[in-house]
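Shared between the two complexes below is chain A, which pairs with chain B and chain C, respectively.
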Partner chain A sequence: MRRDLELIRNETVKVWKKKRFAVIVLILLALVPVFVYAQMKIAQSSQGKYTDWRAELRQRIADNNNALTSDRIPEEWKKWRVALVQQLQYYLDRDVNPNTPNAVRFTNTFLQNAVGLFIPLMVLAVASDIVSSERAGGTIKMLLTRPVRRWRVLASKLVTLTMYVSLILVTTAAVSYLVSGLVFGYGGWREPVFVGFRLNGSDMDTSGVHAVTQGAYMLMQLGLVWFSAMTVAVIAFMVSVLVRSTAASLVTMMAAVISGSILANMASSWHSAKYLFNVNLDLSVYLQGSPPPIEGMTLGFSLVVLAVWAAAAIAVSFAVFTRQDILA
Partner chain B sequence: MRTNAKARDLMDKASESTDTEGAMLARHEPPVLSVERLSKTIRGRKIIDDISFDVRAGEIYGFLGPNGSGKTTTIRMLVDLIKPTSGRVLVCGEDVNKHPERALRHVGCIVENPEMYGYMTGWENLDLFARMQEGIGDARIEEVARIVRLDARIHDKVKTYSLGMRQRLGIAQALLGAPKLLILDEPTNGLDPKGIKELRAFIAELAAEGMSVFVSSHLLSEIQLLCDRVAIIDGGRVIAVGDVNEMIAQAEAHTLWLFEDPEAGRRILAEDPRVDVAERDRALLDESVLLALPGAVPTRVRQDDIPGVVARCAAAGAGVLAVQRVVPTLESLFLTLTGGERDASGS
Partner chain C sequence: MKRKKDRLWPILGTVCLLCTTLLLFGFGWALKDAWAPSPGLALPSPTHSAPQSGGEWTSLPEIKAIAIGDSLTRGVGDVAGKGYVEDSLAQLSDSLGKPVRLNGNLAVSGLEAAGLDELLDGKAMQDAVAGADLVLLTIGGNDLFRASQQAGGSIAEGGGIDIELAKRRLPANEDKLKAVFAKLRSLNPNVRIAYVSLYNPFYELAPLRAPIASILADWNGSAAKLAEADGNMVVVPTVDLFQAQSARYLSSDHFHPNGAGYARIAVRVAQALN
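Take a look at the complex of A and B:
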């Protein structure tokens, strides 16, 4: 056990000294202010137009209803708009402003938008080379000729990866909160958010709806984002075991993640696509109560699909790594 | 390839002497490294074919073969980087493949190039590997850094090291756990002559302290200067095992003759029944030796006969400038061991 902790420490030091995490923090520090600025511009323009948030909300509902009557909008877009209209109406009926500008709201929205692409890409920066870099650099020969069983070496890498994924998520949320707070103020933890919207065909079932605080909402969201980020991470981990070159493993995984977000937009009639891991990554749609990319997908379904993919990836990683010949 | 009678004779002789000495040793302790009928087949091709040998405590053991003969594949099997198709490797009695965590405790190795993490310092690298094994503290890291004389640069990033320094850091890493067996794969590759000399002295020192050292090389002279015993591998098979000097003595040595009057000298040698002028063997000889004696005549002659032949040449006025015995090269040793079949089979 003590030896295992030392192994995990070693792997953590390697990733750290390679400055992978530093690069991720720099990317966040460069990009988050851009998003904050964009959000500030949106807030300013609507403030100029409306004096009351209720008037703005009514206008949005009316706009979306108008769009629904048009024939030119595809069916699935309509479904999404119907859900949105009904949610907005729910907020209006209960006199709760769904768009108060504050750092917590910004962070929640940012995580929501980042779960599909931005966070997976940052996770790949660590996951894609944690094994392949040892093979590409030849250091695997030193690593595997020490008196430690191979599965222990791989397990230490997996634990390290889990810790970095968690750290990346927390850092993303923290940077987003701290930077946006400069503009929007650091409050908003206790503001209510409605969760539990359920879609029944094109009808919104609001019987299960209840209010949670934005702080609680952020925790729930972080949990879901962590789950999908970990799935991407362990699949990348497997690819990193199978492929010798870091570049090849990174490109493979990026292609998989990006094609997932493309598929999610076009596969609504190809139902078996819902068993692919990459269309299930956006778990926050279930929290928001928007329609899932493919009919029949639910939170439970997506969690199971991701868990099965992740478990299979871990099994393949260990089976291959402990048996493979290190030939070159 | 079929070994001829001479090679078999040599092998028998070698194994005989090994057996008697081995029997004496075996009563005290098992061999440090024992390779038993090791074979490896990759994609239907037999890369390593049924090789066996033992390395005893405190001996420097050579593993000699041309490039592509299976040296590196064998070494990778010794340290559990490649799983053997059949056969086994025992280190201090522990099966490397079944219990790497026990067997590899006694092994330090460099397989091919000594690759380390370039983005960390030498010290951080050593610290990393020290943590993978019980009971290696900072004091030991300091000690091995001093042993390989890297203490002045140990806190610099490895990517700033020269090849020689990386080699030394690799050796430091291998020595960390005070292993009973040190495995070095072509350790002199990329080193300058001074570095090679230092390395040789260093290895001899380690062996004197009781460590067994297993060194692979494709240079016979290298092995001859360094090793006590040698296993010669070709085409994935061990074709001879035994004492280096004995083996070289069995190989046909050549003698080079350089005359003031080459025409006369060559004629006298050709007429002398004790001398066999072997112009055809020129290709087998070490090029650097030929370079030092331009125009020399390669011959085969028994050492006892040399003074007589020299006297005769001198009397005839050929003017002997130099007579030099030439250490056989790996190529000529192969010819002796396999009776020339190696070239005929085109391998």
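Take a look at the complex of A and C:
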């Protein structure tokens, strides 16, 4: 046990020394202000137009209803709009403003939009070279000549990866909260959000809808984002074991993640695509109650698909790593 | 050097562990909330009711208007997508010498009177009407023309419009209009209502001209009677605007007005209101 802890410590410090995490923080500090500025512009332009958030919401509902009357818009868009209209109506009927500007709301929206691409890419910065860099640098021989079983070495790397994924997610949320708070104010933790919208065909089932605080919503969303980020990390870990060069493993994983976000937008009629891990990454749609990319996907389904992919990736990583010849 | 390294690991290790625990907790909570939700946050019951508008327009610093109804209010057919609403309010603002603010164009294309009646039962619409000083309204075109169109015909050529059916349904449709007016009035006793009446989009089609004209005369006449009985409602005539050279003022679908047609309606609406 002590020896395992030593291994994990060694790995964690090694990743830290490579300054990967520092780069991620720098990227966040550069990008989040850009999004905050864009959001501020949107808020300003709608403030001049409407006296009251209710009037703005009414207009949005009417505009979406009009778009729905056109025959030319695709079926998936219709479904998405119907869901949106019914949600907005629900908020309006209960006199809850779904768009109050504050840092917690901004962070939640940011995480929602980041889960498909931004967060996986940042996770890949650590995950893609955690094994392959040892190979590229030749240090793997040093590592494996120690009197430690190979699987323990790999397990320590996996634990390290998990810790960094968690650290990256919490840092993302924290940076987003701290930066946007400068503009929108740091309040909003206790404001209500409705969750539990369920789509039934083209109709919204609101029987399970209940209110949670925005703080709770953020925590739940972070938990779900963590699960999908871990899946990406573990698959990248496997690729990193299989592929010798860091660049190759990074490109492979980026291609997989990006193609997932493209497929999610266009493959709604290709039903078996729902078994691909990269289509299931956006778990926050279930929390929001918007339609999933492919019909028939539910939270449980997506979690199982991701878990199966992750388990397979771990199995392959260990099987290969413990048997492979190390040539250098 | 050695001491710095020693401090890094305890801090980094602890922070990472805390983050992981927090996220696992969040994940567990999300699962529990999805499958076994607790009753949820108690919300204050919606106490908000829009401030009732009222009083003479002369005493108001600003006129709040809303627009409801069908595609004519939406502006369908106008390439610029404007319709008559914005222009008529701008002209009204000029002649009144005070700002007129559009508090939402809530019209929905294809709406029939019964649909509007249903929408007016929703809290959103009720608040909108209750808080307005002026309601601009078009409705009925879809009841009279779309609903009596048999499948297969092209509406542009007046195809498939069953005159007999339209005539038979006329009394029922007029009752629906009456119900809409009554509901608007009950939602806001003080609001001024401008109903833009119907024109004949098929004027150039000789066989349809006379029968449709008689249906429209009946419909617009009954609207005018309702408005007189109400006292704070105007019916804006548009029939004459789309008779001579109607092709110049109708859009390419031969049913909705084009930009120039809407501009003429806008002038009429502004005049009728002041």
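Operating definition for what follows: the second predicted complex is superposed on the first by the 328 of 328 C-alpha atoms of A that agree within 3 Å, B and C clash if a C-alpha of one lies under 4 Å from a C-alpha of the other, contacts with A are read in each partner's own complex, and residues count from 1 in each chain.
To be clear about the criterion, contacts are C-beta pairs under 8 Å (C-beta built on N, C-alpha and C of every residue); 3 or more make two chains touch, one makes a residue touch a chain.
On a predicted model such as this, the values are computed, not experimentally measured, just so you know.
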| item | value |
| --- | --- |
| Three-chain arrangement built on chain A, chain B and chain C clash or fit | fit |
| Cα-centre angle that chain B and chain C span when viewed from chain A, reported as a multiple of 10 degrees | 160 |
| Partner chain(s) touched by A:72 [first = chain B, second = chain C, both, neither] | neither |
| Partner chain in contact with A:13 - chain B first, chain C second, else both or neither | both |
| Superposed model, chain A: greater residue contact from chain B or chain C | C |
| Partner chain(s) touched by A:139 [first = chain B, second = chain C, both, neither] | first |
| Which of chain B and chain C A:149 touches, first, second, both or neither | first |
| Three-chain overlay, closest Cα atoms of chain B and chain C, distance in Å | 7 |
| Common interface residues of chain A - those touching chain B in one complex and chain C in the other | 9, 13 |
| Chain B - residues contacting chain A, complex | 42, 76, 79-83, 100-105, 107, 109, 111-113, 115-120, 124, 128-129, 131-134, 173, 177 |
| Chain A residues within the chain B interface of the complex | 3, 6-7, 9-10, 13-14, 17-19, 137-139, 141-142, 144-150, 323, 325-327 |
| Chain C partner contacts - residues on chain A that touch it in the complex | 8-9, 12-13, 16, 50-51, 54-55, 57-59, 61-62, 65-66, 69-70, 89, 92-96, 162-164, 166-167, 169-170, 192, 195-196, 208, 210-213, 216, 219-224, 226-227, 286-287, 299 |
| In the complex, chain C residues that touch chain A | 5, 8-9, 12-13, 15-17, 19-20, 22-30, 33-34, 37-41, 43, 46-48, 50, 64, 74, 101, 103-110, 122-125, 127-128 |
